[in-house]
Amino acid sequence: MRTVCVISTGGTIEKVYSEQTGAVQNLRKKVERYFRRLRLPDTRVRIIQLMNKDSLEMTDTDRERVLSVVRKRLASRAPIVITHGTDTMVETGLLLRKRLPRLHVPIVLTGAMTPLGFEGSDGLQNLTESLLATRLLPPGVYVVIHGQVFPIDRVRKDRKRARFVWTHS
Amino acid sequence: MRTVCVISTGGTIEKVYSEQTGAVQNLRKKVERYFRRLRLPDTRVRIIQLMNKDSLEMTDTDRERVLSVVRKRLASRAPIVITHGTDTMVETGLLLRKRLPRLHVPIVLTGAMTPLGFEGSDGLQNLTESLLATRLLPPGVYVVIHGQVFPIDRVRKDRKRARFVWTHS
Amino acid sequence: MRTVCVISTGGTIEKVYSEQTGAVQNLRKKVERYFRRLRLPDTRVRIIQLMNKDSLEMTDTDRERVLSVVRKRLASRAPIVITHGTDTMVETGLLLRKRLPRLHVPIVLTGAMTPLGFEGSDGLQNLTESLLATRLLPPGVYVVIHGQVFPIDRVRKDRKRARFVWTHS
Amino acid sequence: MRTVCVISTGGTIEKVYSEQTGAVQNLRKKVERYFRRLRLPDTRVRIIQLMNKDSLEMTDTDRERVLSVVRKRLASRAPIVITHGTDTMVETGLLLRKRLPRLHVPIVLTGAMTPLGFEGSDGLQNLTESLLATRLLPPGVYVVIHGQVFPIDRVRKDRKRARFVWTHS
């Protein structure tokens, strides 16, 4: 039995529709319920619900909290998946890369363009891919999404097309 | 083969999530695709996509357009389902009741608290119930939603609880 | 708050796929979980899991058990929905009609052609319709399925087309 | 834009429920429709519907056909996913490994314990994982399923537990 540590920080992937406001909001946690739909006979997924924020509202202090939890978890030698809003996912990933120079496991950031459980959502696909990627990737910080795998210093979000693309070297 | 006429006017039931804005909006029609999921061997559902508006934005002119289309369709003697935003559904229904005094078929208004295709949506349930109700109800104007059937002059929306309730006589 | 009594007897609507045998079988109860997906703010659904049989395997004794439970439940004055295999649904319904001559509530039999939760299933549609029908139908025994409502002495299954049709008078 | 070649051979992952027989059977193709649900902005999935068989009914001739198609496709240098019944997936994979000694791409075999689109199906998870695995694995023949990655000569199916496990060395 191997363990993967999932740190949930919010973002679109966690959003729910509020019948009172008619808006999608980060109100309740959702990621755990969807992970449970995956069949993972040799993997234990441990989920840490760290915060539930739209990534545009994440502050430097929030990012330091992510870093601090990641640092603690690294001691267990389990690979890490971080679910995160897509708008500042790369920023958080770059901080981790800079401050954690001697990684011995992969850290995978992922999220979604459409919330989990909404028609056409890419959320469960991205969770599935990220878990598998922690099995196959060498140590380092990555974005895994839409069947793509990017080292964190080579990726940016293309907002108009709602996808991630390579940065030019 | 009987025919039911569905007039779609928008509302939450039709809303889609926009990946560009992160908001739910009335951008594309949706109701027809969900009606096609129902198994209705002896019923032909004819859908008229009249408008696609949040019901808080419906104007008096919009309501007159609904009335005008309903009036035309009544000639065919087919019962009518109107999908509508829940906030002003009763207002539109009361207008129909007042201006169409000698109905010979039921007119059923319905909608949803959560858009079709979103986790926990009540939309397909309400479409299913409304179609069946057109088979069993006598002529008149009704709201059919959440397993409930209300004559249009006896119902109001309870926004806090996201449901419809009886008005006091 | 009104109450509807649901008596579950099995049939295709309850079948699950067995990974060990590769067949669909009546192994676990399923109907209750799907009823819970419906939004029914003024209705209490009480489910009695009576048996879980393919309706081709139902015996006369089984039908007497259904009759006996229905009789007991009628005392509460709550309408009754019976989920049942489609192949002998009419036979059970005719027995109820014959032996319960003075009904004061509707008894609705329903089921499905494809099990609940399988792609293209008609199960949840039929549950939704049956619950609403108990609200609108006069006392009597009925089959409600696929947007259709049949008095029990006017209906038969058309196996080839996987639907119910009117019998000729 | 990269290309992945998918060769569909049938198995449980492709099975559909037949309303006429009440059994699950390999009657219509299904895999393509589910691949289309995945968001893959930089990958073209080319699907070859080779056969649609329960893997217990696959003959030596069938396996030679699979080998022959794989051999042809290898010329394009695109990685290959083969959807296959789980009971003899390893047998087919071992044949490919033996007869294709100098692979330059990964060949991934996958399938499902419960058909695509049935409640609790592992099918879409396995398709998602297999596609990502073709991106990260070195040349060779593998089974990818349930978050696990097995070289073809190290894996067997555990039928009772409906999963794949490592063989002892």
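Some observations on this one:
Letters are used for the chains, namely A, B, C and D, taken in the order the chains are written, and counting of residues starts over at 1 for each.
In this text, a residue touches a chain if its C-beta (ideal position, glycine included) is under 8 Å from a C-beta of that chain, and two chains touch if they have at least 3 such contacts.
Keep in mind that what you see is a predicted model, and the values were worked out from it rather than measured.
Graph distance from subunit B to subunit D, where chains that touch are one step apart, equals 2. Relative to subunit D, the most remote chain by averaged C-alpha coordinates is B.
Work out the mean CA point of subunit C and of subunit D, and you get 39 Å between them.
Centre-to-centre separation of subunit A and subunit C, using mean CA positions: 45 Å. Once the centre of each chain is set as its mean CA position, subunit A and subunit D turn out to be 28 Å apart.
For subunit A, the set of residues that touch two or more other chains comprises 113.
Chain pairs recorded as touching, per the definition above, are A-B, A-D, B-C, C-D. Note for the complex: subunit C touches subunit D at residues 12, 16-17, 19-20, 22-24, 113-120, 159-160, 162.
On subunit A, the positions that touch subunit D within their shared complex are 38-43, 113, 122, 124-125, 128-129, 131-133, 135-137, 144, 146-149, 161, 163.
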